[in-house]
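Below is one structure, written out as structure tokens; comments come after it.
A, B and C are the chain letters, set down in written order, and residue numbers restart from 1 in every chain.
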Amino acid sequence: MNSIYKYFADIFRGAKSLLIGMSVTGGYFFSPRAIVTQQYPENRKTLKMFDRFKGEVLMPHDTNNQHRCTGCGICEVNCPNGTIEVISDRIETPEGKKKRILDKHIYHLSMCSFCSLCIKTCPSDALEWGQIFEHAVFDRAKLTKILNKPGSSIIKDID
Amino acid sequence: MAFNIYDFTTFTQSIDKALYEWLPPFWALVVEMTIIGLVFLIFYAVVGLFLVYAERKVCAFMQNRVGPNRVGPYGVFQTIADFIKLLMKELVYIKNSDKLLFNIAPFIVIIASFMAIAAIPFAKGLHAIDFDIGIMYVVAVTSLGVVGVLLAGWSSNNKYSLIGAMRSGAQIISYELSVGLSLLTIIVLAGTMQFSQIVEMQSTGWFIFKGHIPAFIAFVIFLIASTAETNRGPFDLAEAESELTAGFHTEYSGIKFAFFFLAEYMNMFIVASIAATVFLGGWMPFHIYGWEGFNHIMDFIPPFVWYAGKTAFIIWMMMWFKWTFPRLRIDQLLTLEWKYLLPINLVNILIMALIVLMGWHF
Amino acid sequence: MKEVVNLPVDSIEREEYHINMGPQHPSTHGVLRLVVTLQGEIVKKVQPHCGYIHRGIEKMCEKDTYQQIIHLTDRMDYLSAHINNHAVCLLVEGALQVEVPERVVYIRTILDELNRIASHQLWWSSFGMDLGGLTCFFYGLRDREKILDIFEESFGSRLLHSYYLPGGLMQDIHPNFQNRVKEFIKYNRRKIKDYDRILSGNIIFLERSQDVGVMSKELAINYGVNGPSGRGSGWACDIRKKYPYAAYEKVEFNEVLRTEGDTYARYMVRMQEIRESMNIIEQLIDNIPEGDFSVKMKPIIKLPAGEYYQRVESARGELGVYCISDGNKTPFRMKFRTPSFVNLGVLDTISREMKIADLVAIGASLDLVIPDIDR
């Protein structure tokens, strides 16, 4: 008798657990407000990434087309996978001192692993994260970027 | 009765008569068959594509997603786009596979599901053939599909496919019993196997209400067993995506894969139609005894709408199962059938026979 | 070449049926390759073949400075990146005997636990998916997204954070951090009930997981299977309790233990651990002390020559970092004792004489992360 009771108890317990499970999915089926999908290309205008989002490394320039990079190459040393190449020139200042200025700050986005070490270690805060994330291109060469804008120079008081 | 205004019998018979008057009997038959074949072919494609779309939308809503929404308004043309894509895909031939069986298998599956539509009554007088053994015909024809599945698994020269096919064989042979027996419960109550008569008999009340608890139990068992028979939901062991990659149709590509895919949805449609017809009164409107005004209003809803609504409800139930439950293991699947469904079913038939003998039903 | 083997009739039964599960297979979550020997549906032997995603992280560590190593550890067990980072940071700080500020300790503990919840949620999703309940996958990912948003707001990345540095953190937490974490805990306490309703109590799930892949306590110790998988067998092996680090001494939490050792026990341990992690976070989140987010470290860190070992409790078990330093700015040898690799070892033993479907369930219940196996 006990086994018969167990047989039917099993069936009812099982059916109950299944119905509980169905109530969850059924509940979501009838609550369209629970939908969490972001409609990406449509919401491009309103889509705002967080301020600290790591999209790409940028070198901020001010209105006079001046940046803060001294071309010291610390970011290049600290980069774990050779993403950054700093090419600097030695020039002679009007005062007769020898000075190093930045020629090209080359950034290979395709190799970057977004570890933030270059930005963290930069002594003059010349680099920052950009929030653009749509980096897909057809040509890999386009992912190699020169961060300092053409004709830019260094802000005066940085050494 | 009011639903006579939606009677298609005279319409179909007039076409039949006209054809036989114009043409010799043989050619009349050929033309008639061609017309019906074409109508069903279009119907099959439309319903199949719509069901794929519906499944994707239903599962998306259950999963807090939007589902297809790119092609056309609300993504309604998504499945058509997918179908065109599948048509253009390369048909990959597998080395060391049994070419003949490999090519035949999808057709067997799709023909088996196609044949079953013939017997389903969509409205009064709107069915291809009104067999007097309609239920038996449908049960026999739908179970042919497993031959295709077995052949597909065997001929693919793929170990996953073979395991999937063998699982499917064991599964369908077992669950065929429950499908048959639960339908038998209703046959005991109705006393006929003819679909049109079964529907007529439900004009005073659907069998699920008429047959008291046994009919309801039979309905539940039919839902479970038919879900298993169509290789869906928690019983999709033949495909078992996470175990066997795609099971028996792992090696199929392009349109042959589409055939399997479409056949799965059409099988679902067929079993849902049978459940709607046998248990929920088919195209018969919902009547409550004594409420004349209410019954009259119900009669004005076309029978095809009733039929489609009931079928859609059962299909939705099956989708709900699929997108809620985890998959069973093969031995649990067989345990469920042989230890639970089959004994309950047998007792159920006895109770139903007793009810019919004593005249306790309405 | 087609080989025809004529076997005598009586040897047919002994013929083995091999199946390659992976490297591309839906339920191996990556490129793990299991050569499964079958007899019908029954698994006779499982031979894991590793190395499909071997990147030589240990070797790469030898050319990197200690700060640079951090970003490599992210890529081992990408689901508990914070915890991996934590191990290396603790190792370096321990070797140099640097005292990090309390604030850093608290933030690290909170982030570790958030990471553990995220990892367990993804595990729950994929576990449900492996058993065939596809809807679980979306529910788990939906809720994990909230944690990833918190991470993204604070330090810009969702999966591979590289947020810890030897001596502190990369930057301070976002001002919104505390509020968002509290919101998330409230949200998750509600949603975790859904998890239980849809999967934990489900009869099909119980049938699939109970008495499947039973691992005794002795077996777990012999194979070194620790973490939630080992605790499912009753082995008290929580590093947070045994060798407390960070702020774990200051919080009260239970080490979740179950004695059955089957797939269900491993499942329940993880589900309970999500709740315990939320308790830990709740105890810490309001008490983050003010202070610096890092101590001043030398730009080039040189560990004194010697051998160091540091262990932390990652979401999958004990993550050990073993380092030999010869006094240079790069380590002489770096070795990671990754939990997934160790846990994989027991898969063969506990899945023998089970069905194929059980193998999938067991593999999922061990919570293997393939890059963590191969490194």
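Here is the rule we use: a contact is a pair of C-beta atoms (placed from the backbone, for glycine too) under 8 Å apart; a residue touches a chain by one contact, two chains touch by 3 or more.
The shown structure was predicted, so the numbers you read here are calculated from the model rather than taken from an experiment.
Undergrad: Going chain by chain, each one touching the next, work out the least steps from chain A to chain C.
TA: 1
Undergrad: Please identify the chain lying most centrally, where each chain is represented by the average of its Cα atoms.
TA: Measuring from the global C-alpha mean, the nearest chain centre belongs to C.
Undergrad: Among all chains, whose Cα centre is located farthest from the one for chain C?
TA: For chain C, the chain whose C-alpha mean is farthest off is B.
Undergrad: Select, from A-B and B-C, the pair of chains that is joined by more C-beta pairs in contact.
TA: B-C
Undergrad: Can you compute the centre-to-centre distance for chain A and chain C, using the mean CA position of each chain? Integer Å is fine.
TA: Centre-to-centre distance between chain A and chain C: 24 Å.
Undergrad: Between chain A and chain B, tell me the centre distance in angstrom, where each centre is the average of that chain's C-alpha atoms.
TA: 51
Undergrad: Averaging only over C-alpha atoms, locate the centres of chain B and chain C and give their separation in whole Å.
TA: The answer is 45 Å.
Undergrad: By the touch rule stated above, which residues of chain C touch at least two different other chains?
TA: If we look for residues of chain C contacting two or more partner chains, we find 135, 142, 198-199, 202, 204.
Undergrad: Where does chain A touch two or more other chains at once, residue-wise?
TA: Residues 18, 21, 24-25, 36.
Undergrad: For chain B, write out the residues touching at least two other chains, lowest number first.
TA: In chain B, 62-65, 323-325 touch at least two other chains.
Undergrad: Chain A touches which residues of chain C in the complex?
TA: Residues of chain C touching chain A: 64-65, 67-68, 70-72, 135, 142, 145, 152-157, 160, 162, 165, 170-171, 174, 194, 197-199, 201-204, 206, 299.
Undergrad: What residues on chain A touch chain B, complex-wise?
TA: Per the touch definition, chain A meets chain B at residues 11, 18, 21-22, 24-26, 28-29, 32, 34-37, 39.
Undergrad: Would you pull the chain B residues touching chain C in the complex into a rising list?
TA: Residues 59, 62-65, 96, 159-160, 163, 167, 234, 236-237, 240-245, 323-332.
Undergrad: Inside the complex, what are the residues of chain B that reach chain A?
TA: So the residues of chain B in touch with chain A come to 58, 61-66, 69, 320-321, 323-325, 340.
Undergrad: Quick one: which bits of chain A touch chain C in the complex? Just the residue numbers, please.
TA: 13-15, 17-18, 20-21, 23-25, 36, 50, 52-54, 78, 80, 113-117, 120-121, 129
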